[in-house]
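Read the structure below first, then the notes.
Letters are used for the chains, namely A, B and C, taken in the order the chains are written, and counting of residues starts over at 1 for each.
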Amino acid sequence: MPDDAAAWPSPMVPRIARVRRRFPEGPKVWTLEIEEDGGAGMSFAPGQFNMLSVFGVGEIPVSMSGDASDASCIVHTIRAVGPVSAALAGLESGDILGVRGPFGMGWPMAEAEGHDVVIVAGGLGLAPLRPALYHLLCRRSCFGKAVLLYGARSPEDILFRHELDTWAREQIIDAVVTVDHARSSWNGHAGAVTTLIPRAGFDPKRAIALVCGPEVMMRFAITALRSAGVSAQAIYLSMERNMKCAAGLCGRCQFGPVLVCRDGPVFRFDSLRSLLAIKEL
Amino acid sequence: MTMGQPATITPEGLQALIDALRQRGYRVVGPSVRDQAIIYSDIGSIEELPRGWTDEQDAGRYRLKRRADNALFGYAPGPHSWKKYLHPPVQRLWRMESGQGRVQIVPELVEAERYAFIGVRACELHAIAIQDRVFLGGAYGDPHYRARREGAFIVAVNCGTAGGTCFCVSMNTGPEVTGGFDLALTEILVEGQSLFVVETGTGEGQAVLAGLPSRPASQAELSAAQDIIAHTAASMGRVMQADGLPDLLMRNLEHPRWDQAASRCLTCANCTMVCPTCFCTTVEDSSSLEGGEASRARRWDSCFTMDFSYIHGGSVRSSAKSRYRQWMTHKLATWYDQFGTSGCVGCGRCITWCPVGIDITEEAAAIRDSERIKVDDHGGP
Amino acid sequence: MEGLERIIKEHPFFAGLPGEFCQLICGCAKNARFEAGQYLFHEGEPANEFYLLREGRVALQLQDPGRGAVIFQTLGPGEIVGVSWLIPPYRWTYEAKALETVRAIAMNAFCLRQKCEADHDLGYDMMKRFMPVLIERLQATRLQILDVYGAHA
């Protein structure tokens, strides 16, 4: 079958890309701007992810954190927590890496038009939401009120701080950042991100909520959104599970009836509601 | 699904079939006795088939046993399944070469090897169809699987013996082969001598059969073949009540029975290795010592390992209970959501090869019975 | 007094407060103002007041030798500062510092405790207002304790 082998490429084979620029975002967190060899751009939807490889080390899923309207440059924000993420975060300008993607179902940007948009992010969970924020800013008039509620561990851990400041200053969106704890030099908010939800001042009846962060934080945030009057059908969350293939072929990212890589990573809350409460699913 | 009139061939005709398939360029694999089990390996002669052997199977138990006759296919499925050929335990995916400032990824060639499988059972045909949906039915596919699958010639066999852990009748997957084969045999014994009634499923099967010494099957042979299948269907070692199974399990995810199974389960992954539909894999990277080359291989993996569900910080399924529940609910329930079919074909391998004899049919029945008791408690006078 | 009554009635914490309770409470209230950097109270001091914030933000913090002050919560207009006055031994277990100019209503804790003892209907109304705040802060604290954004997550 050599003829249609080309027409049926393995989804497991990466393409070669190079790091164009790398810059620090916080403790152990780096943003990589990469471009594929041959200059082929990559179009993706906010919320999708790539599989990134360091040759000889391994491969992990990483969400796009850049602007989807700029296909020439792929941006990923990575925290060095394991061998592969540490190797990725350590790549310098000009270094090569492998890229497969984009994969997965992203944020419901089209459905959100005409609605208030409440974005609740925790920790590194802001990275997969940044493309959604860029999209929102680019088509600002298509959306109602736009609120970003972002919880970080400490002031040093706040991602994309410069951009957050700019957006807040220019009053394009209501961006509120809170930290779990801070030294006394911190003049911003402290406390859990969930406490910002009742005070955020959006219309729960016309809001769509996009939630991304550690699973516990998402559960608490969803409870707070529901208490504020947001319906289960209007809440979207991005799930994380172990992934090896991203193409629905390796079985590892199962979460009950869904394959996170194929059916997600973004899910509408009501489709997962009964599963999120189950331990070790 | 059958084409033309059934034929009858002798064991010599079966040898001629093996020879013909080899001549056509197939790598012929079939059952053989090795290490006190009936396994699948390359065969060139009917002398390598498990003539006169059968097996005793029960939860956690497998023993070879002599038959009173010289049947070639008088056994139930053993520890191997055809997935070891179609979805091999290790598959290299690509390698990266670098030198003179150039780096390139070389995808692993899609293997041209064409297999002929001899002795594929009805449950195994269903298992292959299930893996087809996994590897070929979605937005992305596996070209290696596709090439082997499309190149394969399948000689099925209707089961003349039900194993002690078989429950294909419950799962509606056997014992009669109904499709998905090139040729299908039913072994009948006439005065201690094996004969094979051959049905044809494809044009290629028909062409191969045309080159074999055969004669049209007699009415007596056809009814003997039907009797054998009916007898096998009536002697299943296990029963699984399959109706409403997905909902039953999914509404009992916190059932105490999972703890009981987990208290015995060694999380050894045997069930997943012998299962003909389990397809989960991991990937492994390696690099040459000087660093100029790297490659990635895919390897069978199991939901019973801790690594399987690892996300930074720890495993999602750290308890044996959650891993057993994952495996069983995937087989019997969530497989429908993911791929539109059951993930279980009732072959019984997971029961036989479980070192502590955990029985999937018993576990499902226990959960079902517990609901019945509950209803009785409330509904009683 | 009328000004205070209106302010208390309009404060989100006392939303829907019956008029007779409002009058009782007002007898315990007074205006308070803190400049940025000024402390509302320190750890270990008697909890003689709690505050209804009207303007400006307040940081709740603990002193940790070697790290200095660690802020664990900030509160703003519409929220309350201080629940230690409710339960013996009526002492602050953290310190509160104004991050900006803060205008607040300070409620005298002795006065309010006495009135709650004398009129359990008032006491029950107060409990129903304080309990959700306590629960919300407890839940938020759990999230913070889990350190979900830390190296583990």
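In this text, a contact is a pair of C-beta atoms (placed from the backbone, for glycine too) under 8 Å apart; a residue touches a chain by one contact, two chains touch by 3 or more.
This one's a predicted model, so the numbers in the text were calculated from it and none came from an experiment.
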* Structure fact -> Per mean C-alpha coordinates, the chain lying farthest from chain B is C
* **Central chain (by mean CA position)** => A
* Structure fact -> The distance between the C-alpha centres of chain A and chain C, rounded to whole Å, is 36
* Asked: So, what's the distance in Å between the C-alpha centres of chain B and chain A?
  -> 39
* Approximately how many whole Å separate the CA-defined centres of chain B and chain C? -> 67
* **Residues within chain C bordering two or more other chains** => 153
* For chain B, write out the residues touching at least two other chains, lowest number first. => 312-313
* Structure fact -> For chain A, residue numbers touching 2 or more other chains are 81
* Within their complex, state which residues of chain A touch chain B. => 1-2, 5, 8-16, 37, 53, 55-59, 81-82, 85, 96, 98, 240-242, 244-245, 247-252, 254, 256-259, 262, 278-281
* Asked: Okay, in this complex, where on chain C does chain A touch?
  -> 57, 59-61, 67-74, 76, 78, 97, 99, 136-137, 139-141, 143-144, 146-151, 153
* Given the complex with chain A, which residues does chain B contribute to the contact? -> 93-94, 96, 103-105, 107-108, 110, 112, 134-135, 138-144, 146-147, 150-151, 250, 253-254, 279-283, 285-287, 291, 294, 296, 298, 301, 303, 308-313, 316-319, 321-322, 326, 329-330, 333-334, 337-338
* Structure fact -> Per the touch rule above, chain A residues touching chain C in the complex are 81, 122-124, 151-153, 157, 178-184, 186-195, 199, 213-214, 216-217, 220
